[in-house]
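Okay, so here's the structure we're looking at.
Naming follows writing order (A, B, C, D and E), and every chain is counted from residue 1.
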């Protein structure tokens, strides 16, 4: 058993234990806390690991011989970063969770399952389980939004479930086609390393690559709310209970990007074939959804759209990822980490706000900074982080992504699609500044509105600050000293 | 040849009668006649046992059952409900299409003529497979050697040797049918 | 003597007549009779084939055994079927197919 | 012990129980069911120890072959029958209310309800071993006729009777076509043993079959008969009504055992055709049937509100997926490798058995406790009985094909096969169908978890049922991640 | 560890300590902040006097062969700029002690100041473009915090937002420029870029575009046309902030950046465009300043105008002149702002000069220092530092034969004394025109001291060439100044001041009002309209498309089609056995037909 097995199965075990009657909140928190600890132990021990010797803490157990499927885990730089993201956000989300009146067990079990699903997907080195574990989170999301959500929760839960299920079917087709195309000697394998080797030794034909990459792009793209496959995200995030949206927007959504980053080196011709399409779509995320975000009146809805918008940057990093040109990929991973923490933080704070005020309509809020300065401060940190202010991890990711866009550009050559897209994407930074500052100004600054003046709003207590502080600390740490994590990212 | 056409015509015409007749009793009687014609065709094809069974089981038992039920339920001819034109067109269309397809398929068997029986070949083969001391007492062998077709013997032999397993399964099937009929028809015991 | 095709044609027509009866008639008992017609049509084919496909100079008794089984099965089917029809009649006082469509779509 | 003793044991068990029922004074009906379950369990155990050499049953020729699929399907039949009997115990109260026999003896007629499935089971086991048209016909009819009785069993219930009549008429119709097809196939080849038929049909210089018209005619007729058993479009027409009207355990039995047996027979009968000159047409038609079934089943299930009817459509859809695997039989012996179609279909059917029976166990319990089979009867089940709700959840996600469940792996293998065979259109249709599947399976979960019950009293679950459900849930998950035990049977 | 690191990190540490720990103890917070500023000042002094070039590295990221450092580049340019920043910074920290004495958010204010000091030093010390961009943005953020210090009132909050977003627009260009330069020269570090320049010079147009993009950053930060709109609004912030950030240091960062990349400007054919933008800004702002009534706004426009000068100089490749003007301007403009702050403070936050008057008597010290600042700004010959630096710029324009630019600059040199004299006459002479002004009293020592300290360099600093050399400020050689330049500038000064004297002596209200000028040529209105209608319209349109087309037609449509097909298809299951039999038969026929047909 590898430490990674423990990390994956701990939330599962906790979920089962809660099902059998252990106290829900305490068990869940204990598991999350322990996982946080294990995550950092893994980080500490990973430091001595030589990347040339394959993934660290690898362990494997065959579950099917042909097609060759194994329960295999392993840690490399990219999964390490996402592991840290997951354990951090999980802990914060569970801590932050307000225990519901009914169905308490179901609530915590679902949250733990989302966490376990993400961990499994990020830590396994087998394509089958990579896919399978992500899907594990589908049901908890359905339950969490449908039972514990707010607003138009049913429609939202319904949409996200069906949409993501459909998207993952496309993804499945792509993955299977990939595996089949890389079949050798009558053996199909789902082992990522073996697939990479086979792809390197004998690349897939260009037309197959093209088809596979398109399927993967649509499949993963749906899961990551790539324009125009994004319309599930905003309603779901606006309706989901706070810890659920923290986990989903913060962690789970990164799965599609992670998968694309893992697999696109296997399909260089496919990636090249669809580069322009990807660029157009990601600009759709950044510019079009960015504009949509501008017109949102409710904070939760705005945050949800902004989360969709920011996916565009990560996609840009992936688009810039070519053999030998790894800035984009590195930036994408850092950005995943950063976006995960910042959006979780923002949603956590927004959730707290709604609990207290009963509304997130920005036209009805105002001047809260006077009553709750600590809250406003934390929210400001998160807002600035999310618009990519230097000093926060988001900036490190974004700047690398932008650099990545120009990495392959020959001096003096006319600007290619990638470069033009990068420049347009940089403009998105302005858009996000506009809506974020507008929201911050509408809620926290200016004159206190009457409805808020009467609300029983109190500032954060220490215990409430803890999860937010944890996330903010993560953002700042990587923002100030990115080398700490970036050194692990080898592509 | 003539007999064939006669019997075929009987089978088909009375078969059609089943479908066309409004009165269930007439239909049932038509069915009996059709089966009789069929049985005659079987016999013409040297399947004597089956011909007889056909008459015994179908014309005898099954039809009696049908008539019994018709009487029991006191069914009259179908009252003239509105004729469902669509159903008629559809039914006729499907049937016609089926017949057309049948004709296409029948081309495969064009020109296969009635082969003569060769009891002698069978007899010699049978003699080879039998233990020498049994050959004199085996009635089928004797009949075959005499150029006759011991139809009942051979059918029975097949049923109880090679097809023993299906036969047993059919036995179970009959048991199930019996139990089922009993259960389904059981009345309230008062 | 008639050719194989002639028998097959008769058998096929018998089968088709049965099919037509099943589709056209509304009385369940008559539908059931038509089903018997279809089975008998199939039987005729089998017997004809067994006579035309001689094995060692004799008709193929395997096929005849199958005919045997079909007749038996058909009889059992009739028994069970009529029992169901009687039960239905007791419950609904009808043997018309149009009256039994409480479940649809 | 030769394998054919197994059927004999089952028959003897059935006879003994029938005699007990008939002649013992006031027999305890429950005892009959429990004895039957125990007896079948013993046979199931014995299945693992029988002589598996083909010679052991050589005297029975093609009427009874012992090969891995046969043994596997015998096991499935036994398992399904046991679980159906468990279900029947829960359903007894409903049956009783529609028999209205004797007030002094309220259980009269129940004994037969528990005994008949034993004979059906024997028929199914014989079907699994039959490689001869005669044996196939008689065992098929044994199953069919016992189902006529079982479907119409509640003779005071209009629905049950109506279902019985519909099943009877259409079943007999399909038998007619099947028999006619058998006659033609026999006429073309002169054999009833499928191995011999295959030899006769194999394209060679000494081919005995001249033209393909007759062959195709025979194939079409046979497919019609088989299509009825496996509930494939356009022969699915009976399925919704019969599933809805029949007693719930019988519905479950129909949808699981009858379909499974239908598929093994289909595989055996199609084998000669797939090596014949008409293989291309056969596969194309299979694909058309598959596509039609997937689309029809999945789309029509969407508007359903009666759970049994919904499951009927779902059963059609699953038949479509299985047919897709059947159509991939020939082309998957290619060089890239992977799973064989036979193994894939068997696995799918095993998974289908587990999840369908689990769902029907819940439906049965809910029906006998609340008296309803509509979606609304499931409202608030999550509160009334978390265990039942969870069982239903597992069943539904497995049916929908959420990863880490057996149902997913079933679909996974089918997709793999179809992709290897390059049936891209079919894959697209299948993906569409699977996505629609999410829609209606989750519709049930929506009632269970999102809605409030009108009556919030908790539902009790009998111990035996609880054990059965737990075992099924465990099996679904174990097979979902560890398929190798089942797959090794076929290697 | 090199002391330069402490210089960079101490203010950050101070900000962090205040935010995390000492927010409740306001005095302690302010002390920490002032202490850090003082320490920074001392360290920057200690760095002076050596003219070796020193580069310090700290690995921030390293991907493949690209290494991005947080690095410190110590050379003449950065040392002198550092001196300017820390000196003015320290003085303004001290001044703030008085100005913000009773403010509720004093801790927050000082944390913001420290954060600003950190960011500004970061820009100055930056060794590469990424680091410069990081601090560039951080400066924007701290400016946001400080402008919006009084966040419970709407105008400062709006101004802060406007400042940040406008800067972001500039930063967009800056970042694109960085990317272009990186792809052209293969390096992000200034030294590396200089090395790669010869190769990049093969693509002059690309280089020109890249440099213009970089210049966009300066346009935003130094509030050049057309991104100047934020600076006047930024005057909503506390006055010391206006002095420090929006007059002396941050807005000069654009100029500093241009100076830093002077070698690039020299190689790029587009530099003259930069000069033109600077000149036009200078002229535009000077014109607008003549019609403003708010004392801080006048100064703000004057800052714009002076920044325009500097940019023009940089565009004319006279980066030394630009830096020298930056240096002198920092002192006298800070002085002017602090003086204005003193006035505002004394007049209970009255900012309209037409409501002031007669302050000469009540606030003599302030008056004197303010007058010194005015003189410096108006470039009184040979006395003030402003004269030398402005001469330097005018001379650069003249000597480069760019007469158009020269005459524009001369016109600005005429307008500057005009509006400053107007300000001085209206605010300090005549009689008080409102009650708070009558009751105005001289400011306390803690505020007066910085005024005095700043007045000294405003006059004297240009006299001490040795001092200038020590600070490593580039110094003009007087004798090279063209007589024509001298003549024109003296005439402009006399003309401007005289004209203002004529118009505004003893006036109680504006004698004539030029609408467009007073309304800043309607830039704000134009931008408001753009934001509201173009951006707002696009946003609404996108939202509409998102809802109706993408979600409505595509997503829901597919769902409806599927469900609808299901509804229709299931109608086949009519429930009638006859129909079922028919359909079954059809199925058989179709299957066989298909098999035959295929």
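Points worth noting:
Definition applied: a residue touches a chain if its C-beta (ideal position, glycine included) is under 8 Å from a C-beta of that chain, and two chains touch if they have at least 3 such contacts.
These numbers were taken from a predicted model, which means no experiment stands behind them.
Under the contact definition, chain A and chain D share the contacting chains E. Counting steps between touching chains, the shortest path from chain B to chain E takes 1. Ranked by C-beta contact pairs, the top interface belongs to chains B-C. The chain with its C-alpha centre at the largest distance from the centre of chain D is E.
Ranking all chains by how far their C-alpha centres lie from the centre of chain A, first place goes to B.
The most central chain, judged by the distance from its Cα centroid to the centroid of all protein Cα atoms shown, is A. Each chain gets a centre from the mean of its Cα atoms; for chain B and chain C, those two points are 9 Å apart.
With centres set at the average Cα position, the gap from chain C to chain D is 26 Å.
Centre-to-centre separation between chain B and chain D, using Cα means, comes to 31 Å.
Taking the mean of the C-alpha atoms as each chain's centre, chain C and chain E sit 96 Å apart. In chain C, the residues that touch at least two other chains are 8, 18-19, 22-26, 28, 31-32, 43, 48, 52, 62, 65, 69, 73, 76-77, 80, 84-85, 87, 98, 100-105. Among the residues of chain D, those in touch with two or more other chains are 134, 137-138, 141, 145, 148-149, 152, 155, 165-166, 169, 173, 184, 187, 213, 216-217, 220, 240-241, 439. Of all residues in chain E, those touching 2 or more other chains are 559, 570, 573, 575, 577-578, 581-582, 585-586, 588, 592, 596, listed in ascending order. The chain pairs satisfying the stated touch condition come to A-D, A-E, B-C, B-D, B-E, C-D, C-E, D-E.
On chain D, the positions that touch chain C within their shared complex are 133-134, 137-138, 141, 145, 148-149, 152, 155-156, 158-159, 161-166, 168-169, 172-173, 175-176, 179-180, 182-184, 186-187, 190, 192, 240-241, 244-245, 309. Looking at the complex, you find that chain E touches chain C at residues 570-571, 573-578, 581-582, 585.
Taken together, the chain A residues at the contact with chain D in this complex read 19, 62-67, 71, 102-103, 105-106, 131-136, 138-139, 142-143, 146-147, 154, 157-158, 161-162, 165-166, 169-170, 172-173, 176-177, 179-180, 183-188. Of all residues in chain E, those touching chain B in their complex are 578-579, 582, 585-586, 588-589, 592-593, 596.
Chain B contributes residues 84, 87, 90-91, 94-95, 97-98, 101, 104 to its touches with chain E in the complex.
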